[in-house]
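Each of the two complexes below includes chain A, the first together with chain B, the second together with chain C.
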Partner chain A sequence: MSDWPDRFHAELVRLGVPGPRARRLTEDTAAQAAETTTDPAGLFGPAHLYARHLVTELAAPVGATPPRYASGPVLLTLAGVGKRYRRRTVLSGVDLTVRGGEVAAIVGANGCGKSTLLRICAGLTRPDAGTVHRTRRVGYVPQDGGTAGWLTADEHFALFGAAAGVVPGRARSTGAHLAAKLAWRPEPGQRAQQLSGGTRQKLNLVLGELHSPDLLLLDEPYQGFDQGTYLDFWHQVHAWRDAGRAVVVVTHLLHDLGNVDHVLDLGER
Partner chain B sequence: MTALVVAGLSAREVSRRRTAVLLVIALPLWFYLVRRDQTGQSIRMLALGIGWAISTLTLFVVNASRGVDPRLRLSGASVTGLVGGRLLAMSGTGALLALGYALLAGLDQDVPHPVLAGLIMLISALIAAPFGSLVGSLLPRELEGALALLSVCAVQMLADPAGLTAKLMPFWSVREIGTYAVDGGDISMLWHGLAHAALVWLLCAAGTLAVFSHRLRLAHYPEP
Partner chain C sequence: MMSKPWLHGFLDLCLLAMLAERADYGYGLAQRLAAAGVADVPGGTLYPALLRLEEQGLAVPSWAPSESGPRRKYYEITPAGRTVLAEQAAQWSRFRTGVDTLLTAVAPR
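And then the complex of A and B:
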């Protein structure tokens, strides 16, 4: 991985960091890796992802004041979306617009159609009424399931990477890097069915993000998380937002709503 | 690339189901042993047992992938890649099983056409993979799927090979070629059997692809 610093530097420049600053950051990063006598790729993960992460971190102001971010282009628009299952109307006249750099929360009572709406956003379920406009690159994290019980985390990374056209080696290193952001280091040989509920949800999250989607659709993704992981999760959501991505999250936790830019209340069933 | 990765990981998944794999390996053996004294019957039963075992294993693999497939589609995988990858893995597993039993039968029995005897085991395994896939795609629960496979295999074993019912079953070619390979007969039996096997394979593979294409279809929304 001797070209890691070059790729890191190139990615920083591509992300808009001025040349001298990018060079200094590259030297600092290399020095940091040298201190631990570790390969930079082993310590920081893939160069392009670490560069993106670093740029996001550097852009975040220090202090208690909630930061405001400039919204980007519209990545998801729902207009008058409706869905019926036989005679039962699950959704009716739902409108939502989410831009890059924004987080939207979908709330509502059990059975009011939150997960159905998210599946419609993903394209897994077709709406019966209304129109949907959506960016092409989308990541979807279902409420449960979504993993293969007999495969390890590494194998999941390879599988989902292959689906997105990424070679297995790169998909594995990207997956390990994203897992580290959620304070999780997958154990080699441990199958998904042997993971705890919270850790399986971390795997779910990583798989949703593995192909760097512009829009992330998360269906109550923190089930089983402990307090620390829950905080890591919201930190991660904010990092995605700061990187210009759009996030739509289904939640039933009202204290989450302080973390989001839009709230779509689907009301009672 | 997707199909090859899916194939490799599906094969790995199967290899981790150790108890199931042991039972799958053993199942055709029981079929063989109970008719070991009759060469023709033992070979045909062995081939049908391979078909039953591989189709059941494929059913489990297809059902286990239900939660993952929609997400893989969203990530960019094609339906052909997913279905083709699993068929490749299960056909390979079946071919290995068939090879092992072909060697056993070749050593243990005096067969006039040992190559053809091996061929019916291979054909049985190759048909079983798409057939198990099709049943798995139509019947989403493992119990229902396994019972459907049991019914089909039981009818195939019991039905008169010359009758219409047997010909409508997926493994008729095994009995037809088996009869030619062991008991001798007109060469047309071989061609009829091969044609039946090819037709069943095509129908099952196309049916699986059609069902999964429908189930895993994605709504294509315009960009904002």
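And then the complex of A and C:
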């Protein structure tokens, strides 16, 4: 594709890379692709994603341990949040602050309101008490549902992309690229209802990230994943964090908590 | 072949070591890594690492023509690159000795 360098350059500029440097990186990247006589899209994937990847990689110092990124601006604040269903108090006095570059885990027994709290974070459920402030670009991945059984993965990418103002071609290529990071290559023509539970969760995850949100809200997104994919998933969470995004994960697996910045324990009710 | 998360930590070290042996260009380095059995490194991983070495002054590039096809960007290690290589090589050797110690305790004879 001949406009790959242009799109790559445009994304670098959009990410705040100064003009001369963006031009030099674009020329270098074109020359690298020419060395291998591959077209850039084949070697590096979609232009805008490779631009983001390159900017992140160049910011990292050379060394054996990848760096921890400093915390960024506050992207989610809950203060004194409460929720009742009829006379039953599900949540009360919940406080949580999550910044860019941080991961928060919401833990607690089944039925303690974890999913309700995540829906409140997403703005899908209204709290009865307290305040919620969130950044504008939010990705929400529900525990199940959210996909349409008769649509293919590709059609989901285009549909969810359209909802976020992304053109279909770009939504499809982004979707395919994000799926590959979870070791999944969607089969053309295969409908969501034919996917295994774990793969449908991967579809959910990809859809949540399609519009590159600053805040990701994930409700136990790894149900049905095998061990390898489960590790890929956490690897992905840490990649998001290192790219400066905020991630909130609902989980009941306590051994996940070694690598998170905040743990919000809703306890037993 | 090394799995990806491990490679990420040691790719810089491998690149510096290969450049210390001789200057090379991207595709040549990828082939040397594969031939050594270390990893099949995709372009999207290799080229950012090379650019990073360049920008942090650990390797300097120069353009050279090739007999076939487009010109190539050859990287040469700098004195600063050799210093980092020595540090990281020592780190790697401590790490490898530690892992070997743990493995020999359970290795079949």
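One rule holds in what follows: the second predicted complex is superposed on the first by the 218 of 269 C-alpha atoms of A that agree within 3 Å, B and C clash if a C-alpha of one lies under 4 Å from a C-alpha of the other, contacts with A are read in each partner's own complex, and residues count from 1 in each chain.
Everything below uses one rule, namely that a residue touches a chain if its C-beta (ideal position, glycine included) is under 8 Å from a C-beta of that chain, and two chains touch if they have at least 3 such contacts.
As the structure is a prediction and not an experimental result, all values here were calculated from the model.
Novice: Touching A:R126, do we find chain B (first), chain C (second), both, or neither?
Specialist: A:R126 contacts chain B only, not chain C.
Novice: Kindly classify A:G45 by the partners it touches after superposition: chain B alone (first), chain C alone (second), both, or neither?
Specialist: Once the two structures are laid over each other on A, A:G45 reaches chain C alone.
Novice: In the three-chain superposition, say which chain, chain B or chain C, touches more residues of chain A.
Specialist: B
Novice: Contact-wise, after the overlay, does A:H235 reach chain B, chain C, both or neither (first, second, both, neither)?
Specialist: In the superposition, A:H235 touches chain C alone.
Novice: Quick check on the superposed pair: does A:T77 touch chain B, chain C, both, or neither? Answer first, second, both or neither.
Specialist: Touch partner of A:T77: chain B, not chain C.
Novice: In the superposed arrangement, which partner chain does A:T147 touch: chain B (first), chain C (second), both, or neither?
Specialist: Once the two structures are laid over each other on A, A:T147 reaches chain B alone.
Novice: Show me the chain A residues, by the header's touch rule, that chain B contacts in one structure and chain C contacts in the other.
Specialist: After superposing on chain A, no chain A residue contacts both chain B and chain C.
Novice: Which of the residues in chain A come into contact with chain B in the complex?
Specialist: It comes out as residues 73-77, 120, 122-127, 132-136, 138-140, 142, 145-151, 155, 158-160, 162-165, 167-168, 191, 207-208, 210-211.
Novice: If you look only at chain A, which of its residues touch chain C in the complex?
Specialist: 25, 28-29, 31-38, 43-45, 50, 53-54, 57-58, 60-66, 235
Novice: In their shared complex, at which residues does chain C touch chain A?
Specialist: 5, 8-10, 12-13, 25-27, 43-44, 47-49, 51-53, 55-56, 58, 69-73, 84, 88, 91-92
Novice: For a test of understanding, state which residues of chain B touch chain A in their complex under the given definition.
Specialist: 1-2, 4-6, 9, 12-13, 16-17, 64-65, 67-68, 70-77, 81, 218-224
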